[in-house]
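As structure tokens, here come the structures.
Common to both upcoming complexes is subunit A, partnered first by subunit B, then by subunit C.
And then the complex of A and B:
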């Protein structure tokens, strides 16, 4: 019996020593980038990852953080929520990642939210627009605005220009219906009348019945919530039937597919954008991006990747985070990153109007509700996106 | 008031022509084989996507591109006939089994197109001008109006083939009873093959003409098939002309609902209408021929 006790005590001592040695080993600075780099949302995932590297590669080249390189482990979620969840779990359990960055389509981001909460690992969401992703959030933060924030920006701009009557046309799929609903929710409290809300089938070749109704309701401004192909059809019919009112098309208006399909009919379509082309730092960044990866029309994804990279370097340098990293305490480091994100996350990035900061404080975890958007417009027969003069809305 | 109604009727005619073309092509195959080809919409997609290949990538003039689109459609139709229809018929498969086979064919065509062209919507250059054309107080464009011309053109050609040629008589005879037709010296398999090819060419050309308006993307086939199928059921699947009329009816209904109500509920309303029609007339609005045949 005494011999057994001695053996047990000896084993415990060995385990304690081993644990002590392991705890003293600093954690590697591993960050997972789980996002679409093929499939329908590939552009967003590729652009944001390129921008993340544009920020982190120079940091690593200059010696990293406390002598450690930041290592990005890349996973392509292929617009598949199940695949994204598998990769997210691998990041948390096998790669020992400190945090996960990614999730551009909302469905993919949603599955990563589940992984983040189950594994208590911080998740920085990039482009996903679904408002629910950061409701009551603990581990997840977002760099891309919610779709409802687009509507708030539109309502603010229209109210500022004294617009009183808006016509809405949307397709009959969830994006169109929820987009129109969020617009109505934002416009009505500002005393803006919805003259008509027209819905059309994405497979309809001719949308003139809806445009006739839209035209007869005599709006001052038209709001469109389409997919790229039907958006082009709607704008072409609007112009063909002689409607000259300004058209605002949140999100889809900036998409390359819409601009290509709409061609000259797309000129002048306005889009609320989280990237302000008049900012010098934005222009400089996009020039550098073009040098490295080729020409790119103004897009929020590279700006989101850039801003995530900027915040990441600050968070990893944070004393509380470094203490846990040096102590080899993975969960402690993850918790410290969550805390540091909230504390350091009120910063000015490339997204938003100049001097308007993100708000990652508890209860918000994302871009601010006001002052974040500017308006851009389609120009050059769909080839360009340039800053828009919103006073044109009132004309 | 008159202007609004005229616009609604024109839009109904345009959209109805698209649905009618698909219904016509579905019905031509059904008339000869008693099989609904669930891959029919994929030929519209192939027409639109291969138009991008020939008009944009290879920069061919549109008449050459049109011929190339027809060739692509015909080759794929032959693949469907030899790869799915004939093997199943020779193994005495039930029509339902063959229909499931065509559904599998649709998935293979979609998957192959996805691998070739990817998921992004593509711009299809218009064959005709998209510039506004005034028709009295109505405004449209040549590309849209061409769909109506195409629909009535194919309707007339189909009527001519079926009712003014000996070959058409063989097609109709095969549809009534393939075994008796065979005993009469009609090569039923060849007749069905012709309907696959003819319908595929019709859908491929439709795809090339719809593409500039709808945009081309690899998943467009299923949407088109559903609408064409609804039209064929409403009009009467057994007769190509009844099916085509069903397309026009659905187009008109959609336009009138959009104009005087809301498009949001147009599709459920049309399905309810189809259900009501089928309760009263189980073979469709104009399905007398099919009813008599049975």
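And then the complex of A and C:
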């Protein structure tokens, strides 16, 4: 009997040791990229993912982090928030991902925020503009600025040029609605009158009724919040109807789809850009991008993917994160990543003016409110984006 | 009478398949390996509830309403808002939500059911767009594009886990399935099919067409509301995307793949539509193309969907095995000639 007890105790000890060894198995460095790679926001998702690979592939080729490769699991959310929530949950519960990167349209990002909070998994949002995404944020951080930050930049520029009357036209989707609302909020305190705010359906083929109203309100500058295809229709109609006022089009003006569709009508459209074309490192990065994936005018999405990749490598190398990864503690690693993102996230990436850093500290979780934007404009019939002279607004 | 039952539309005389579906649903969490799989199972039931309403309205009554996602969204918003804004307990919020959805369906149905076919489809689609516009733009009330949070379900002070919520959803789905089955197997179902096949003839037979159409519209609206409530307790958030086109596309895809006007089409279709995108992720950029081809194949080779294939096959087998039914059918053909 004592012999049996001893054998049982020995067996129990071996099992316990085995279990201990199993628990100490390091976690795989799995990161999910949930973003639109088809549908209306496909450009942003594809470009940011390409840039993410541009950063991570060389890291993996050089031996990864502590000998482990970073594995990107890619899901196409197709601008469908419910699908994105499913993929987000899959990342958190099935793929055992350390964090989720993605969410370019705000609706998709919103559904991922819910998943992040439910599953206590860090979420790095890329291009989504909705301001609320990082309100009272715990697990979510953003690389793309809020639409309110674009509006602050526009209001500052217009006030600096002495503009007093602005007409706004926006589409009926959330980006257009919240963009226009944030612009009004930023412009009115600066004493700038909103001559009219016109809203059109995103699928409308004829926007001339709205443009006539816009024209009759006699603004000095026109502010447009569209999606790419309808943005091209708006700018074409504006020019065809003889309006010569300067046009400012936050974010969408930089998108390839808009520039191609607008062609010559897009020339001169000004965009508050989080990517500064005068920066050498930005130029170098876009040259490398063009070599790998084909020509691409300056746009925020690749820069956001790049910056997310840069921060990711730093965060995964962090001692506190590595300790949890090596201990096989998934939730501990996720919590450590949240903490490390706040600690390491004040860094200079490819977005923002030179020497202006992200601010991922608690309570902010994203780009700073000022100093992040420069103005660029569409040129060469949509083929180029160049630095803009905002004094032209006053003319 | 016994003979005539064999040549009627394919209606199963037994509740056994319904019981099998419910039993399978009850066992499912024991077979699944992760919480994510349980979530997918919940979504299958939620879409099944939504599409059973659509099936009753379009598949059996022939009234195409494209506004169903609006009721789905109103169900989810109502359940969340009645709790967060008015402090209703969940059960009261559920009852209140269904009452709101029923009333809205009635108000929408009274003028709209004068319309037929694509006019009705367009009018109900307009209702969906209005609802979506309100959800997006009335930011102070609906939370705009961010939507609102739905409080988690609790029992004895403890928040319910995913498996418990699954069983709540399953109970809703089972009740819906029983109602769906009862309606299509009863005289109401026959009246609905008569309206679908020829409204004038149905009226001539004494069926109160408008009354039936209105009732079924309200039932389908309420079922969409139930699906919305289930979505709310599953996702704990509701936003305007619930009444956007992709939900409508999902509903239409489910009825195409599952089988419109069939007994179990909404469930079979939901299984495919919820699970297929998860299986296709490994195809990368070709995922959407393959998904589209899949739908095309269904349309071309299985116009009655998967469920229709089995139900029709069983019906034709039963007909073949019934010489009396064949004799009666021959007799009917002769009289028609």
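In the analysis below, the second predicted complex is superposed on the first by the 323 of 395 C-alpha atoms of A that agree within 3 Å, B and C clash if a C-alpha of one lies under 4 Å from a C-alpha of the other, contacts with A are read in each partner's own complex, and residues count from 1 in each chain.
Basically, a contact is a pair of C-beta atoms (placed from the backbone, for glycine too) under 8 Å apart; a residue touches a chain by one contact, two chains touch by 3 or more.
Just so it is clear, the model here is predicted, and its values are computed rather than measured.
Look at A:205: by the touch rule set out above, it reaches subunit B but stays clear of subunit C. Looking at the shared chain after the overlay, A:181 reaches subunit C, while subunit B stays out of its contact range. Looking at the shared chain after the overlay, A:172 reaches both subunit B and subunit C.
Of the two partner chains, subunit B is the only one that A:232 touches; subunit C does not reach it.
In the superposition on chain A, contact of A:161 is made with neither subunit B nor subunit C. With both structures placed on the common chain, the touch criterion links A:260 to subunit B but leaves subunit C unconnected. In the superposition on chain A, no contact is made by A:60 with either subunit B or subunit C. Once the two complexes are laid over each other on the shared chain, residue contacts for A:80 go to subunit C alone; subunit B is not touched. In the superposition on chain A, A:313 makes contact with neither subunit B nor subunit C. Across the two superposed structures, the residue set of subunit A contacted by subunit B and also by subunit C is 172, 177. Partner subunit A is touched in their complex by these residues of subunit B: 4, 7-8, 10-11, 14-15, 18, 119-121, 123, 130, 132, 139-141, 144, 147, 210, 213-215, 217, 220, 223-224, 227, 254-256, 258-259, 262-264, 266-267. Listed in rising order, the residues of subunit A touching subunit B in the complex are 39-40, 172, 177, 198-210, 212-213, 216, 227-230, 232-233, 236, 240-242, 257, 260-261, 263. Listed in rising order, the residues of subunit A touching subunit C in the complex are 37-38, 74-76, 78-83, 85-87, 89-90, 92-94, 106-107, 110-111, 114, 118, 130, 132-133, 172-174, 177-178, 181. Residues of subunit C touching subunit A in their complex: 34-37, 39-40, 43, 133, 136-137, 139, 144-147, 235-237, 239-241, 246-247, 274, 277-278, 281, 284-285, 287-288.
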